[in-house]
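Each chain carries a letter (A, B and C) given by its place in the written order, and its residues are counted from 1.
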Amino acid sequence: MGPVRTALDAMARRWAGMPRGARVALVVLLAAFFYVLPLVRPPVVTTQQIDFGGVMFGIAAFALVAVGLNIVIGYAGLLDLGYVGFYAVGAYTTGVLTSYQFHWSFFAALPVAIVVTMITGVLLGAPTLRVRGDYLAIVTLGFGEIIRLAVTNVEWVGAAAGIKDIPHPPNIGPDPEPPFGTGGLFTIPSLSWDGLVPSVDTGRETPFLVFGAVSAIPYYWLVLTVLILVLVADRLVKDSRVGRAWEATREDEDAAELMGVPTFRFKLLAFALGAAIGGLSGALYASSQGGYINPQSFPLLLSILFVAAVIVGGAGNRWGAVLGGALVAYLPERFREFSDFRLLVFGLALMILPVYRPQGLLPPRRTIRARAAQEEIDELEGRESAQKEVL
Amino acid sequence: MGERTKVLEVDDVTLRFGGLTALDSVSLHIDEGEILGMIGPNGAGKTTAFNVITGVYRPTSGQVRFLGDPLTGLKRHAITKRGIARTFQNIRLFGAMTALENVLVGTDVHHSAGVVSALFRTPRHRREEAEGHEAAMELLEFMGLASRADELASNLPYGDQRRLEIARAMATGPRLLCLDEPAAGFNPQEKAQLMDLIRRVRDRGFTVLLIEHDMRLVMGVTDRIVVLEFGKKIADGTPAEIRDDPAVIAAYLGVDEDAS
Amino acid sequence: MDFSFLANNIVELTVTGLALGAIYALVALGYTMVYGVLQLINFAHSEVFMYGTFAVAWVFVFVHGRTPSTQTLGETIGLLLLSLVAAMVVSALIAMLLERVAYRPLLKRKAPRLMALISAIGASFALAELMGLRDRVAGWVGLRDDLDAYVAKARDTYSNPVTIQPQTLFEVGGYGVKDVDVMVILASLFMMLALDQFVRRTRFGRGMRAVAQDPESAALMGVNSTRIIRGTFILGGLMAGAAATLYMVKIGSTRQDAGFILGVKAFTAAVLGGIGNLRGALVGGLLLGVSENYGAALFGTEWKDVVAFVLLILILLVRPSGLLGESLGKARA
């Protein structure tokens, strides 16, 4: 863990020192890299037992959820253990509107799903955000369960059987013709690797741009695009009066209030925005390859994994959230051959990580600086008071 | 001297916690542009009075009027927006934010750009950010903290943290600036600097309420002093009058060492 | 809503609700004490309980073998006492291990509170999975066949070979109150009373309250906080072990994930009563158990859990720090 830790910190420092233009260029390159990754199918990284495109879709979707939850946990400091509830509301709104009760198109249902989830967030937050922080954890946990039990028992949303045939996003270019047509404007082949030698694999083609059963990669591209847009929005909002108000509230709620920050209103805002992104992710999930959701898609455990993603990555840093979400989604899939042990290993990893990276893998940049200063102070003091407080 | 505007009027305020009377029909006022000191032995009700003025506690009876209007029913953040700002006895900065950002939070009181403005970087967002930034930097300059603008508040030395708290409170543009024991933990030299600073703050047009233990500091910097003892006001006058007031001498003599 | 069903079965619903609630309360104590002292949600406490349930089942298997049989409570009382001791020891050991492995290293490194929660979640996963993989683990050490009776059905429901047949003890309003329910309620009350006295009267209890109130002053006054924290985990483990025994008496079977939902309920009970408050755990647990039963009777069993959480939200709205208020430190334990 030691070398990884130093490498990550060094990377973060170098990043902070780079000129703006270089940073933008690097981000663009990175984005391009991720767009083509499932086509390149690099050895080692690529999952062998299950479809790599599908795994990449899962990674992007998880990262999107983590970025949304990071607003709630990382920025505003509110521990939400029921985020899966919002995810479910988004997915079910989409399912009901496009398939089960009505037959709207995907793009008509999407904004409605986001708004409905946002309203759900406000309805849950308005009464509960006044209670003390730690209680919020259990209240939200309860909310997640209530949503799951409600969709299990209410016939109007499909009950235990769930909702199937949720339509995919509309294709670009011609639709595939049955039985074996691929459709799309053109098709893109993937690479396959013999050791380190790549060759073009024409048996594995992705039609551009068809959301169908042939390839999961278009779904991945869609979610990745949404993720990038959300990251940009996240940055614009964080870097404004709103972001400052969140941070001040997280640091010292009473002091923030006495400095004129309407803390309740800003907490509610964080909650609503977080919920909206959760709903957005849920809607994308509902209309993904399978087009099928049921109550078992939204277990309480998923909430716990979301929280783990945010904190493992580094609460308060959007890139940390992306990294955490990606790891939590990817690692269990990559190591499927150890499938019986993957939860055990995941659990152990969650136990080990905090010891070596108490601030998460990518803590907010400021924390890096603060910690450097703290380490100096600690050394000067001879670490005598290391035992005290914090936990 | 002609009649000046009364910024704050405390009118016959009583505050009880259960059976305990923390404030007993206290009346006082603060004139615009003055530095009012509030002193008293430990447990005299200074902090309680401070909290009533800043709206943290609501009086059991009596009224607090700010610029002529009662404060009752206002939320705490709304009181700050009206024009009362404070510092804290035990420093409460936003530790994980930079010095500049701490002050920016103060300037944000009068801003209204929300999520949508931030997303589209509207002219209002740009204007407010620019104004806030300029005002905040100017205040940091005034406090001699400009060179530390980008340091985390929690990494600043103690004295700078105290000054940063004052800057943050001033950034809200208050009509009344309340300082809660700003000299706590200072050495004599720092105290002298603080006295000078408080005078310069007043010269910028601020009205200051100062709660302080240190008698010399209070005597040296205030225009008028209110003395509390056991929740009652026992004296109200210029520093010279207070110095010779028998009731004050009785209250303080041998009661509180470091107050003399 | 089926009011007549509720009215006709009110005694039964109340008694079984109290019995279930008493088990919630015992588990809730573990959450509440650790929270009171460390402000940490000990997410893995559910596994402390779950290991206790297996300890009970294993004692029965050890004495009886795997062949199922049915006995009355009276016939099994000796074996129950033995398994109570085993469960308390096992749970306390697991709790101690948790403290040592999952929390103390973080405490030393001044990790943020949320990170400790992640460690707790990780420990919870790891412990539950370890139990679910117990046949494999036994295989590694070459004891798979010898331990077959204990590691069988690793990811399945693992039953206590002895099913305890409830006997009617007395009748109230036409309903025969069962000995099992009465025993569960009385035993829980006894355990809680003992804990309450322990925390109020012993030196350890005073230290615990001191650390809960103000860790720094407590340290200055010479309280060894490391010892207090470990002791708090052990106490929570002992209570969870007792809860596990009563759970096995009432339910009769367990699984590697049996702790999860029960843990969530117990934590809800702790918050309901006022987290950090020992008596709050009792009140919260009993209230939760009974209202779940009533709610299930009124709206149907499928809404049982919804009733529990809606109740929690409503109570927190009216009393933001729980029914009895929070804090182990303040005033009384």
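Going forward, a contact is a pair of C-beta atoms (placed from the backbone, for glycine too) under 8 Å apart; a residue touches a chain by one contact, two chains touch by 3 or more.
Here the structure is a predicted model, which is why all the values come from computation and not from measurement.
A.B. asks: What's the chain with its C-alpha centre farthest out from chain B?
C.D. replies: The chain lying farthest from chain B is C.
A.B. asks: Could you say which chain's mean Cα position falls nearest to the mean Cα position of the entire protein shown?
C.D. replies: A
A.B. asks: So how far apart, in whole Å, are chain A and chain B when each is placed at the average of its C-alpha atoms?
C.D. replies: 44
A.B. asks: Measuring from the mean C-alpha position of chain A to the mean C-alpha position of chain C, what distance in angstrom results?
C.D. replies: 33
A.B. asks: Compute the distance, rounded to whole Å, between the mean C-alpha positions of chain B and chain C.
C.D. replies: 50
A.B. asks: Multi-chain contacts only, two chains or more: what residues does chain B have there?
C.D. replies: Chain B, residues with two or more chain partners: not present.
A.B. asks: Using the touch definition from the top, which residues of chain C touch two or more other chains?
C.D. replies: none
A.B. asks: Considering the complex alone, what residue numbers of chain A touch chain B?
C.D. replies: Residues in contact with chain B: 233, 236-237, 239-245, 247-248, 250-252, 254-263, 269, 273, 364, 366-367, 369-370, 373.
A.B. asks: With touch defined as at the start, can you tell me which chain B residues reach chain A in the complex?
C.D. replies: 54, 56, 75-78, 80-81, 85-86, 88, 92-98, 101, 104-106, 108-109, 111, 113-115, 117-119, 121, 125, 128-129, 132, 152, 154-155, 168-169, 172
A.B. asks: Can you check the complex and tell me which residues of chain C touch chain A?
C.D. replies: 35, 38-41, 101-103, 105-119, 121-130, 133, 136, 215-216, 219, 225-226, 260, 264, 267-268, 271, 275, 300, 302-303, 305-306, 308-310, 312-313, 316-317, 320-321
A.B. asks: Under the definition above, what is the set of chain A residues touching chain C in their complex?
C.D. replies: Its residues touching chain C are 73, 79, 127-128, 130-132, 134-135, 137-139, 141-143, 145-146, 149-150, 152-153, 300, 304, 307-308, 311-312, 315, 340-341, 343-344, 346-355, 358-360, 386-391.
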